[in-house]
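Going by the order they are written in, the chains are A, B, C and D; count residues from 1 in each one.
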Amino acid sequence: MEYKILDKGFLRLVDMMGDDYAAVKAARVSYGKGIKTPEKDRNLIFYLMEHGHETPFEHIVFTFHVKAPIFVARQWFRHRIGSFNEASLRYTELKDEFYIPDHVRKNVVEDKQKAIRVDDEQLKQKALDLIESSIENSYKVYKELLEMGVAREMARIVLPMSSYTQFYWTVNARSLMNFLNLRADSHAQWEIQQYALNIANIFREKCPWTFEAFLKFAYKGDLLKGGE
Amino acid sequence: MEYKILDKGFLRLVDMMGDDYAAVKAARVSYGKGIKTPEKDRNLIFYLMEHGHETPFEHIVFTFHVKAPIFVARQWFRHRIGSFNEASLRYTELKDEFYIPDHVRKNVVEDKQKAIRVDDEQLKQKALDLIESSIENSYKVYKELLEMGVAREMARIVLPMSSYTQFYWTVNARSLMNFLNLRADSHAQWEIQQYALNIANIFREKCPWTFEAFLKFAYKGDLLKGGE
Amino acid sequence: MEYKILDKGFLRLVDMMGDDYAAVKAARVSYGKGIKTPEKDRNLIFYLMEHGHETPFEHIVFTFHVKAPIFVARQWFRHRIGSFNEASLRYTELKDEFYIPDHVRKNVVEDKQKAIRVDDEQLKQKALDLIESSIENSYKVYKELLEMGVAREMARIVLPMSSYTQFYWTVNARSLMNFLNLRADSHAQWEIQQYALNIANIFREKCPWTFEAFLKFAYKGDLLKGGE
Amino acid sequence: MEYKILDKGFLRLVDMMGDDYAAVKAARVSYGKGIKTPEKDRNLIFYLMEHGHETPFEHIVFTFHVKAPIFVARQWFRHRIGSFNEASLRYTELKDEFYIPDHVRKNVVEDKQKAIRVDDEQLKQKALDLIESSIENSYKVYKELLEMGVAREMARIVLPMSSYTQFYWTVNARSLMNFLNLRADSHAQWEIQQYALNIANIFREKCPWTFEAFLKFAYKGDLLKGGE
């Protein structure tokens, strides 16, 4: 299962452990399936979420493989409860892959945390051309430096924040819910929202009760609400 | 798979995610199986371990169900990188299950962190009788208090540290290796060593290359050495 | 500054780093005092708390020295984001210090997480006598075992959960607020509430704006509300 | 106290808590100064370090204010045990401040993790000119985009990894030692080494016994050795 995100990025679920029942069993510290009746199990998940008992959800764990622009990865890596392995530009040459937006956003005067889409077609085209040619130029210099023999770790300092990077991310469901609280929200940058929305989809599919209870009792963002 | 430990304890592997290849794939941030050749994959694991690159091992995750005396659980819970869910004596009545040793240890004068077994049969019998009757008495009082209507959370304050408790523990392989460094070691208390040795067995079986590389390059304890 | 808690426990603030201004400076990543005007600084703290920007509060750090019964310490140590050093009963002999309640609580039928005080004087006296004599008996056996030469780590397994232990706890303000959310709450066990209330007092005194903003926007418990 | 680092960076110690005695007191869980004799206290620190008892060093805490290029900050933020607050380029305009190296490094064929300085003056000048003009061009485009009204969060995607950023970092001595193990080492990138060496200086000055014991028993890097 691979979700295409932005122009060249992706999100893949590499592996996972546990499901709604894993949280139920951990909460009951129980043997075997730990199942009473589906209704009781579901109620337990709702009870845990409502009362902020979040540790049982730490026994559900996901590993994702992500390809995202560096400015998105920088926001992602601020979530410290989780494990990251990123491809290093010290040892590997960067491929010619950069995020080029397909729209342009402007800052909003009233709320400096928000940015909205511009529909001025001329402005949009001019801005996107500028962005693209600047990135092309940076990459050309990067390649030139490498050809001169400059170390990869040094040449890459000219590369722009839109460069794509890849990483593995292992995270438990509790920490994933914190990620969704902050990133599946209109105050997050639009680009990381796209990743967060796909993570939410995977989470909903794999742990439907937990997801439902999360939306009902613990979700602090806004993007996942409406459609419910 | 359930390992019997001490007189009434156990260790069960409830679930796990990943194996040696999970570390290989995370280290290479690679697609698909991420396999080159078994030899190269194995070499990579040894390279990572030798050079202290421990993050790839965080993508291997285990969930255990443990039954252990409270004084063992107290040592266990000091390992903060991991997830715990313990049965609560505030809401559940303790069953009549206590750890009664089958041997007696004395402190060693030269090394206050060590304790050695006594082979004085008379001393042993006297000490074990004392322990058992003290524990029985505490439990009797506990039951009496409950029958009088005293709250479980209050009655349990008379219960001894040898009371058995149960918990779920989710831990990644990096943190599990830290646990083995400290607890699969002759300076750890004998009782927790028994759990650590069984955890080591499971780890060896599930991640043979990682285990071998751990013993070779990163293990700081002593109990797992000899038999290799 | 030492607060007496329960019959023989205490809480001491050993050291601390930062105050309201430390959070302000960290949020602004600013030089020097980072002060604009007291009003703006205070508003920033309220803004951060209201919008769940909790990282600036991690730069305020406290070190406490705590003496508490083991069943309280066990609840305390479940808060993993923080540093603990506890006196070990493997190397040190336990002094004759146990928590003996001055009241008795019963479980509530309607809410198994609650326990209420009993005012039946006869029941109370009988229960407390039982508790005290059981604890005395356990301690007598412990001393006897030590005199026979049994190792401290083994003799202590008969000691009751009401035994006093001591530990150092270093915790940042963000994690301390999580502690207060769970422990300065009527669903927490009464004994740990007493510690939490004193921690809240220290927090209020040292970081008055942060405390006020916490109560207003982020506090999920109930005990700190009323009196405000 | 502010250390100038690289061409425009710095490291400032904003605040700290504890010293060698804080570790001694925590290890002994002791009252008051916790001092026995300076010799015994120093010996305890060496004993703790030699035997891997690292928790007492968590009670020594530092807050730093750092200005560093983004590619350095990215390496820094991988150290998850610590608190970060970074100035955001979503809300603040980037100043015209970029890291321009004063030397050029080449990759080493035999060891892909190493890079060595070039003394070919012509190559060096050509490479540095390329780097500088590429960075200037990127910044020019960034400013142009802002003037057109493009949102800061979007315009910054053209900015290079050499852009300076600033952040607050609160870290305990145990985690700081892990940082030094990895970054005060010749395998780390030269630029982050410069920060690590200055952090080591501050650590040595503030906690001389702990630093000495660290070098003797726990340090895994190479840069701090020789000069001792």
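Going forward, a residue touches a chain if its C-beta (ideal position, glycine included) is under 8 Å from a C-beta of that chain, and two chains touch if they have at least 3 such contacts.
For each chain, UniProt lists the protein as follows: A, B, C, D = Flavin-dependent thymidylate synthase.
Note that the coordinates shown come from a computational prediction; the quantities given were computed from them, not determined experimentally.
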Subunit C reached from subunit B - shortest hop count over touching chains: 1
Subunit A and subunit B share one sequence, so how far apart are they rotationally when you fit their Cα atoms? Give it in degrees, rounded to a multiple of 5. 180
If you list every residue number at the subunit A and subunit D contact, are more than half found on both copies (same) or fewer than half (different)? same
Subunit A-subunit C separation of Cα centroids, rounded to whole Å: 36
Distance between subunit A and subunit D based on Cα centroids, please, to the nearest Å. 27
For subunit D, what residues touch not just one other chain but two or more? 84
If we count contacts the way the header does, which residues on subunit D are in touch with subunit A in the complex? 69-71, 74, 77-78, 80-81, 84, 90-91, 99, 101, 104-107, 112-113, 115, 118, 123, 126-127, 130-131, 133-135, 137-138, 141, 144-145, 148-154, 156-162, 189
Subunit B contacts subunit A in the complex at 14-18, 22, 25-27, 29, 31, 55-56, 58-59, 61, 63, 65, 83-87, 166-168, 170, 172
